[in-house]
């Protein structure tokens, strides 16, 4: 196992926003992490290399990367992992690139071997589809389009041939047509370089198109986890079902979206018992007793719901799902 | 870049026109003609002098004609002749300008050399003892009246301890000194004035630098720099500092009028024969041609300061070039 | 509330009380000359000592507080009237009105303010009223810019459209709805402006072109202190401290208000 996240908890001031997350990523595997904004998924991503400053967030649990606990590393050891073995691509390419340094300079910083720098950079630019700026050493980020900026970010992320790339909503800020190109680029690089990927997104369709395994996060915990096929064919947590049902599908576009009612709870006032209870279609009194554990449903498929088996049976076949 | 500078210069030319209108208006605020006032306050002014001013301002002609004629003379830098010693105003100003500009230049350098590190240090160690200590220092700097500070320094360093001279810019026996001694002598005379002139600005720049740096440290690209595994030193003093310094360039331009205005106070306290003291003497003697001349030149120097700041900004911020 | 802010409020309150009740606090007539007691160091009968005419320094300082605060308040009052009015007009009407007012502000900002003030004083005469008016007339630009920026964002709000829909006049919208809602950031500027005006007044008085003796002001007492440098430290210490502490008080109060605004 390349990365193992065990019982990860992160608190900002006194409020815990990641409340015990378990997640494994194997070599060459792409794991998608899905959830509404504010569910703690970005915090999980940043915690992987301890990017949350200690004076802001309290982190506990274990993050094993190549069998070393990242949370126990000193700054020097962390630096040798960040950017070199684990790298990031963030949501907003424009604000994530430093406006006053050239794209060349920002990629150059990632290179460990300082010989033939320009050849190395040219190869990176080529591999992310930025042939246009090869040799243009004075190009600044603002001179590129949003899609090209994200390509440059990806170029930076793969420059030192990392084993894990964490992509946090990498296409959310981009036009729909560009999104597709960036996703294709990521898939291509993943296969070519045998990258492991943690793909964080709120968009189920994007994650379905790229991930091998999927974790669904709600209120700071993973509520369902399984292979992509299992999640699509037999979603077992009411929240997952709600998410999948609210995807507008082309054939049924006259139907109303089957959206999840209500709002995600605030971390400062989480309900007792199951955190999804207030919004759940299937809720029963039992759900209020205590927060359910993550249960095995089948091989590689877990759900945090006491009604899992009943729900699977009650879920209507897709064609009859109009309200 | 060339186009940008050209546009700025056109804008400044419009401002310059505005400056001449206000200066021209100021002298017409006074009840009665300047010539009457002059005679009333200073009985030594002869009838001949009164006619000379009347002629200078063309006071018998309608206002707009007077203004245009004044503007024509202004274009030739002809501000008339001083009441006090009948010398051309421009000549008097040019004699006094170098010393004032030298002091301002040194104090700007001092402000930058001390203020920037203080501000950056406070931001990097936000909330630490050092930061709080510097905050107190900054409040003291803001509240300290420069003339009081000058008096205290004069009393202790000059009168009681006799460490530094406190009056003028050269010693009585200056002419007997060799070249090296002359430089030492002048430097000694300039230490206190430069320090006093820099003191107030120091507080301002360090406070500004602190908030600029704090703001930059919150930006996404700083998170990117950390995620890239750069040394903390490079994150702070390469990626953050360059961004944080940009707005300081503009602030420096904006602080020019304050520095020039402040010269009146410390130049009259330390008996330095610069523009500020010339202005003060002219105000006390109600030497209008000189007052008007210095007022316009002071504003023009401010304009030049702003232009210089704008050009430097364009030179250091890559985003300006395209616009 | 921040400790520093409370400290600022105490300073400001302390000097306002002194200014209001000056006759009660002052043990002597501030103009009373006593040739027998010239330049005496602080004693129990003259706690701040006496000046070069034997006048009681403490009493002069107490009356000087009145002058300094009055100049500060009225000058800033004038500045805020001009600044708020021009800023609101520029922000509300936009277009060429805005253009003209903003260019005017740009031009005013080019002049070294202290030069401009001195030039006008040279033309008029250094009476207290003139000084207040001149300081006010040369220090409104920052407030105008703040006001304009606030109005620009406020005027697009729904409640302003609603007012317009029911036919409220521009004057009513500006004075009843826009300005009161835009005052918060201007308030910081007003507080800091008082500190600035007190500094300018004392600088002018120190240079002998502000408040004219025998009327006492902190600046002109300090100026007398300069003349007797080395022979009367109390003449330099007390007025300087008074200016410094007062300015510090208003700055701390202004910072406190700014922080509060940022939080809400």
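Per-chain residue numbering starts at 1, and chain names A, B and C are given in the order in which the chains are listed.
As a convention for this text, contacts are C-beta pairs under 8 Å (C-beta built on N, C-alpha and C of every residue); 3 or more make two chains touch, one makes a residue touch a chain.
These numbers were taken from a predicted model, which means no experiment stands behind them.
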{"item": "Minimum number of chain-to-chain touching steps separating chain A from chain C", "value": "2"}
{"item": "Most contacted chain pair (by C-beta pair count)", "value": "B-C"}
{"item": "Centroid spacing, where centroids are CA-atom means, of chain A and chain B in whole angstrom", "value": "54"}
{"item": "Centre-of-Cα separation between chain C and chain B, whole angstrom", "value": "22"}
{"item": "Contact footprint of chain A on chain B as seen in their complex", "value": "219-221, 223-232, 234, 239, 242-243, 246, 316-319, 322"}
{"item": "Touching residues on chain C, where the partner in the complex is chain B", "value": "4, 103-104, 106-116, 118-124, 195, 199, 202-203, 206-209, 222, 225-226, 229-230, 233, 236, 239-240, 243-245, 247-248, 251-252, 255"}
{"item": "Complex contacts: residues of chain B adjacent to chain C", "value": "14-15, 18-19, 21-22, 26-27, 29-30, 34, 37, 139-140, 142-148, 151-152, 154-155, 159-160, 254, 257-258, 260-262, 264-265, 268-269, 279-280, 282-284, 286, 288, 291-292, 294-295, 298-299, 302-303, 306"}
{"item": "Residue ranges of chain A touching chain B (in the complex, touch as defined)", "value": "46, 49, 51, 75, 78-84, 87-88, 90, 92, 95-102, 109-110, 140, 142-143, 153, 156"}
